[in-house]
Amino acid sequence: MVSTVVFWLAAAVAIVGAGGVLLAKHPVHSALSLVLNLAALGVLFLLLHAEFLAVVEILVYAGAVMVLFLFVVTLLMAGTKTPRDEGRFRLAYQYLLAGLFGLILFVLVAHALVGADWMSSLAATNAGGSFGSIAAFGTALFTKYLLPFELTAVVLLVAVIGVIFLGREHGATRK
Amino acid sequence: MQDAIGILLLPALGSLIAAVFGRALGRKATSYITVGAMAAAFLWTVSVVWRLLALPPAQRSFDPVYWQWIHAGALQVHFGLLIDPLSATFLLIVTGIGFLIHLYSIGYMEGDPNFQRFFSYLNLFALAMLLLVTADNFLFLLVGWGGVGVASYLLIGFWHTRPSAVTAARKALVLNVAGDVGIMLALFILVMTLGRVSYAGVFSHVSSLTSLQVELVAFLLYLGAAAKSAQFPLHVWLPDAMEGPTPVSALIHAATMVTAGVYLVARAYPIFHAAPVAAEWVAGIGAFTALFAATIAIVQNDIKRVIAYSTVSQLGYMFLAVGISAYAAGIFHLTMHAFFKALLFLGAGSVIHALSNEQDMRKMGGLKKYMPITYWTFLIGAAANAGVPLFSGFFSKDAILGQALASGHFWLWLVGVVAAFFSALYIFRLFFLVFHGKYRGDAHPHESPPVMTVPLVVLSIGALLGGYVAVPGAWNLFDQWLQPVFSRYPGGILPAAAAAPNWGAIALTSVIVLAAVYVAWRYFAGDVVREELPAALRPIHKVLYNKYYIDELGHAVFVWTVDRLAILADLFDRVVVDGIGMGMARLVWGWGEALSPYESGYIRRYGLAVLIGGVCVVAFLTLVQ
Amino acid sequence: MNFPVINPLSVLPEIILLATSIVALFIALFLPDRRGHQLNYLGLVGVLAAIAVLPMLWAKVEVGFGGAIVSDHFALAMDAAILVSALAAFLLGLREVEPGADYVALVLWAALGMMVLTSAVELLSIFLGLEVLSLPLYVLAGFRRDRTTSKEAAMKYLLMGAFSSGIFLYGLAFLYGATGKVSLASIQAAILQNFTSHPLFLEIGAGLVAVGLAFKLALVPFHQWVPDVYEGSPTPVTAFMSVGTKAAAFGALVRILTVALPAGIVHWQPLIAFLAVLTLLFGNLAALRQTNMKRMLAYSGIAQAGYLVVAIAANSQMGVGAGMFYVVAYAFMNIGAFAVVAALSGQNEEGAEIASYRGLAYRRPWLAVSMTVFLLALASIPPLVGFPGKFYILRAAVSSGGVLLAIAIVVGTMISLYYYLRPVLLMFTHSEETESPFPATAHWTAHVTVGVMLAGTLVLGILPGLLTGPLQNAVHAIYGL
Amino acid sequence: MLDLLFFLPIAGAILLFLLPQRVARPVAFAVALLTLVVSCVLIPSAFSAGGSYGLLTSVTWVQAWGIHWALGLDGLSLVLTILTTLITTVAIAWTPSRDRTYYVLFLLLEAFSLGTFLAADLFMFYVFWEAMIIPAYLLIAGYGGQRRARAALKFLIYSLAPSLLMLVAIVGLGYEAFLQLGHWSFSLMALRHLVLPVGVQMWVFAGFAVAFLVKIPVFPFHSWMPDAYAEAPAPVTAMLSAVLSKTALYGFLRIALPLMPVAAHRFAPALAVLALISILYGAIVALAQRDGKLVIGYSSLSHLGLVLLGIAALSYTGLEGAVLQMVNHGIYIAALFLLFGVVEERLGTRDLQGMGGLEARGPILAGLFLVAVLTALGLPGLQGFAGEITVLSGIYLVHPVWAWIAVVSVILAAAYFIRLFQKVAHGTAPTEGHEGKRPEIGGVQIALVAPLILLMFVLGFYPNPVPRAVSRPLKSVTQTVGVATTPRPAATSEVAGK
Amino acid sequence: MVPLSYYLILSALLFSIGTVGVLVRRNPLQMFMSIELMWNAVNLSFITFARQYTNMAGHVFVFLVITVAAAEVAIGLAIIVVVFRTREHADVDELNAMKG
């Protein structure tokens, strides 16, 4: 019962957060809305027995990543300026079409989901066994999914080298 | 008779040598070679004829085959020569008169910068003509047929810097080719129906053709013959062809080539015999042409043009003859005509030569005293042409008219008689205008050199005496000579030919002819040319002088139309056909251009495309299935 | 814990690339910056070493990481195309991009990601492969930070790439959701045993995954980033990604669609066919009006992807073989064309304007003739490699009943003749100008690239049999999964 | 030996790259001549007994696709091979070029054309067919007249685009082979054994036909022709018209008719209509041209229309005539273009209004041109007539009406060819300019064109070798097409081919 | 008890909002945030599915996605900084030097 209430609350918060990202004029507001959304998602993860990921979501995402965002927002002086107004309607029907097709996408997917009858039979509580535990997670990560895990190392390397390259003053390091 | 091909090879070699080495050999050597080739060919022909005569009449036919020309499906043709009295007659005419005209040309063409080329063309013509008359099948007949057309084209346009000569040459060629097409089509029908094109093969199977087919073949053959022999309304090229040098007119447009049509009809007599409609048509058009051309000839002022229309008229007589199946008579007239018409042309050439290329008779007159040889020979020629009794033309023309009457073609006979009156009138008008009265020109007339007068004399002997091979009521050597040819297949001999001569008719024609000569003498032998005409005659004169406006009509109907059509088609090609291709290209390009706005450079727009595309994909997969 | 059998052989080329990149980064610490470009040769050696081990691995199918990745013939063939394009990135890079350890490492990693994408048989690795491929390319596209167009390319690529990755990821989620499995084999097995939670999940998953890969393959309407990014990126990078990315995405699409998702149950076939036709028509039409060689080649690349996807739409072993052949063919001719552009360019893409090619045949005959060969090959004129490539695809299309697809290919090719052959005409037209816009000489490596690609274009064009036999095995391998 | 025929010019082309510029012309000529000699040496082997080909080389080319490197020589390919080698030999050395590439491209053009005629495998046929277009394209683009760029591109796109439909058709045939024989095959001999469903025949035939019709060209697909013929240098135009157009007609005989007999019957009326339009249309448009080269070009449209009509008649005689006319057309059209090229070069214009007087100033050239013109207009006794009469009688046998219509063009041909000749040769020379150069043909060119002129006479009076050479292949074609040919004498009882 | 499909529908809603966000925002940072929204919506789906099948693969997937997203954000932000540092406005619409 509690979980139902928590779900609806978290869902509402997540939607509000998403709406904030979508609508907020200032990027900082958007970023904060996204943090809200991510936090709500963390709660939902908990409900689904993904405790570890809930923590990761909140720590890494809502924490580290979003801080990075805010950092850049403030770094870019230009970022604080809103785009020129005269350009707003340059792609006038962009808004209309984006909204429309976003809606259609949602309807299409939701249509498929609603039609899936197995969905109603879920017990939110104890799924049994070690599902969702850190141990199970670690086992999976280091055994069955070792290759993707290894590949994340490359991804991070790319990030490091890429950011170093991009962050370097152009032409300062060569010649 | 295998060696008869030598008659063809001689002029072929002569032509080739004159064409390739003419410049190196020089004028004299070239003329010796080419004239020599003709002389040798003539002698060779004589020997062939001699050997023919040595045989019994029924065996006077040889058909040596030399090689297989083509063997492609239904079309199987051999190259072979047919030597029989008919072709031998033509061989004699072509090589004999051809030799004389070659000889004459040495004098006439003296001083022309393209002397060698001229002789090369002359020999080429002789080759083609010989091939035409000796071929043993329709296909090689067509080869010779086309060959004489081209040689004639080359010779008409010989003085190619004259625009009128160039035009005349083109006209002649195109009309001749139109005639060739007729023969080609006839040939296709024969190939389709009989699978044969050789004379022997075709003629012995004529009976297996339906009457429609045979009429069609006959008409198509006649189309070719009419074009070549200048029958109405395809005659228009012949007077224009007088733009060529005069020996050419004599050889090609009087003595030989234009008679090829008569030869064709005579040769194909089994077909025409089986096609009565076509045969009547041939005779009718022939008679009409005889009258029609003769009337035009009366009012022309150009000496060669008069003789040209005279030729057309005489050819009409010949077609009249072959149309009523009086083949031997037709060929007889053809032979006589070869003599006197060549004589007339060469005589005219002699006059023109003497007057420094003056051709207008109004500027001649009184030449009798300057050019006696030309005068006397020309007189013989004119008399023969007019059919003055006891001259060769008299015998041959009366043979035709007599058989027309005897075979029941009264109207044709009547037209022939009327035409005979005009024939005498125009030729003696010419004669008196040129040789009698006072000289009206400003050149210095003089007699031509012997190289030109000797042929005149020789021909005049033929024109004077040739007719006596067939004296009505007495003997007819000519018919006997040709008899084996025309008795091989049914229909060659007119039953009426055996009938006794109609002395009344002969007398009537003779009187009419003499009356015409008198009228001519009365009106045209004076010192001055009478320009004024009675008012009633003026419109008639105008129509006649303008040749019934046939040239203009033909020009308007064919030349003008085709030219306009060509320009339209060209426009169509450039605008529509090319336009469609280019238009499609431009359309495709336009599509490419039209895509440009979608590649707007805006990231969000790209994203929108991804979203829309993605939604469509999902919708397709989830809903359409 | 049961640790999986890693089997390093299955990822040997990947390991070589990774090791090379690490070594390069390490050496860079000790190397003076002005000699940084020499690391380029190290990268070259690394790629060559990776190519060298491919034949060794050909003998046997290696499965690694507990079945997450296989090194089968299909993967190896695609790896070859990818490595060749990586080779081009190094060979052509010396002049335009001022390469250092970063360039070398990024190219190697991108190549690694591509190779993983083609050989991974499990959704997580596929996703990681896609990301390892994408992230370095975002940076590489903007490698010439001094150029507005390069930066713009990076930005557009990044935003669109991340956006489409999201869509792709959602598709993976649905594939996972439909069966609860992540390995392609077990997904296929589940589908075949009718053990799916909801058939629509499969359809949605297939659709979204296809969209994500179609984005990488540059299929219409997911292609719009391509012209901008290809034009803006440094030419060596363009050459690299135009071929490598397509090969990788093709590999993944083949593995996911034709192998894991039987067309009889998941109805992607008409969809892919439609996308293919749309793509090849659109690409060809849009290429007509281009004046920039790189942009023209970008649109041409879109069209070529259309042909390639026809091979998938054929949904047959022959189709897969045809697609593989075409990838290799495309590698040779497309890289060749870009190599000529690079050879004609100094620092500033002088070789990009088509108009400046006028009279090239009389000034730089070797490059002009080579360019002619590459363009003719792209136009699929025999006896160049593009022709057997297209022939193979037509063959696959016709034999799966897709005569209309074949006609579409033909119509597209007809349109393409114009833009492929106009530069040829231009090169062979005498020019009045004496001033050449191009630098007088090209780096020798560019000539080598042109030469190698020319050889490939000609040899495989004349003797396609060299490749068709091995590819046949490769196809059997992938279906034998 | 057959491969030699193809590789000889290829080797020559490579050799030319290595040799200095100044020997390019003689070497190219020598290579072409050698090829001609080889093709003549092969004459006896084309008729040796055995299968449908007298000489056949076949090596597996692409195993997986069932493609063979197969070259076959029979009477049909032989006559066209000799035509190709002959015309190339004459044309390649016709005008000196300052550029070695010219000769290289020319030899490549020869090699690929030969390949097309010799290919015994459809895949190879297509490869050569397409490859042939490229050197031709570059020859027009690199050495043509003022508007060559447009002309070349147009030629190229018109040539290549429809060929792609043919490619689809070829693939379709290969697939049918797979369905029926169990393996992919493009071998002409193997494909003959197929029994194709009518529907397949129809679309496959259509694919081939479109490609062929454009290449011939036939109305309304000819609009590349005026540009390309006019702008290409004379020897290249000669090759385009004399050789390249024949590849398409050959394609009908070798591929389209025997492999798709039912479709051939169904399409024949359509082909005939197009052919008839081409015949008349080409002739009419030729009358209006001011550009001499285009008069010849449109005449070619008309004459090749007649050849196509002969093919569409589907009668044995028609086919024999068509092949004969192909050979004849190849010879006289090449001579016409080459000789007119000299006129153009000397006078500096192609505009007929600005010409004239050649007969006086260049009598040899005028004489040679005259012979070529007379041959072209079908003067009986010259070679053009032989083909014309055979093909027309072949048509008449089956469709008299077609022949009646087509024969009109003979008259028109006389009109436009004579107009052409008269504009060039007659009248007075243009007064302005051109006085410097004597409009006479050079000795080398006389020697080069002499064989062609000679052939016009020889084949005019003895055309039989050509129909005899092609009778066996054509009989096998008509047998497949299943048309009752005309009653032939007993000699035909021997069965040719399969 | 809330059926699992609710989670998935929520996920779909968030995903759709994310996509719309990418398409309507002109500030690159906000676009990027919208993309993060999409990715996280997917994460929710993964975890839901994992819960349904009690299968850890979904969890691992989410973990990897978060890692990759972090790296992507790092690179993305760096590129945004490079591009827009010199510009007055952070407006992706101004990036249209290349088009057509």
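All chains are identified by letter, namely A, B, C, D and E, in their written order; residue positions are counted from 1 within each chain.
We take it that contacts are C-beta pairs under 8 Å (C-beta built on N, C-alpha and C of every residue); 3 or more make two chains touch, one makes a residue touch a chain.
These numbers come from a predicted model, not from an experiment.
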| item | value |
| --- | --- |
| Chains touching both subunit D and subunit E, listed by label | B, C |
| Distance-maximising chain from subunit B - centres being C-alpha averages | A |
| Leader among chain pairs (count of C-beta contacts) | A-E |
| Distance from the mean Cα position of subunit D to that of subunit C, given in whole angstrom | 43 |
| Centre distance in Å when subunit C and subunit E are each reduced to the mean of their C-alpha atoms | 26 |
| Euclidean distance of C-alpha centroids - subunit A vs subunit B, Å | 102 |
| Whole-Å separation of chain centres (CA-atom averages), subunit B against subunit E | 97 |
| Touching two or more other chains - residues of subunit E | 8, 15, 18-19, 22-24, 26, 31-32, 48, 52, 57, 60, 64, 68, 71-72, 75, 79-80, 82, 92-93, 95, 97-100 |
| Multi-partner residues of subunit C (each touching 2 or more other chains) | 124, 127-128, 131, 135, 138-139, 142, 145, 155-156, 159, 163, 167, 197, 200, 203-204, 227-228, 289, 418 |
| Per-residue overlap in subunit B, given as positions that touch at least 2 other chains | 585, 596, 599, 601-605, 607-608, 611-612, 614, 618, 622 |
| Each pair of chains that touches, named by its two labels | A-B, A-C, A-E, B-C, B-D, B-E, C-D, C-E |
| Interface residues, subunit A side, partner subunit B - complex | 90-91, 94, 97-98, 101-102, 104-105, 108-109, 111-112 |
| Residue ranges of subunit C touching subunit E (in the complex, touch as defined) | 123-124, 127-128, 131, 135, 138-139, 142, 145, 148-149, 151-156, 158-159, 162-163, 165-167, 169-170, 172-174, 176-177, 180-182, 197, 227-228, 231-232, 289-290, 295 |
| Residues of subunit B defined as touching subunit D within the complex | 19, 67-75, 79, 117, 128, 131, 139, 142-147, 150, 153, 157, 160-161, 163, 166, 169-170, 173-174, 177-178, 180-181, 184-185, 187-189, 191-192, 195, 562-563, 565-567, 569-570, 573, 577-578, 580-582, 585 |
| Residues of subunit C defined as touching subunit B within the complex | 155-156, 159-160, 163-164, 167, 200, 203-204, 206-208, 210-211, 214-215, 220-222, 224-225, 227-228, 266-268, 271, 282, 285-289, 415, 418 |
| Subunit B residues touching subunit E - in the complex, by the definition given at the top | 596, 599-604, 607-608, 611 |
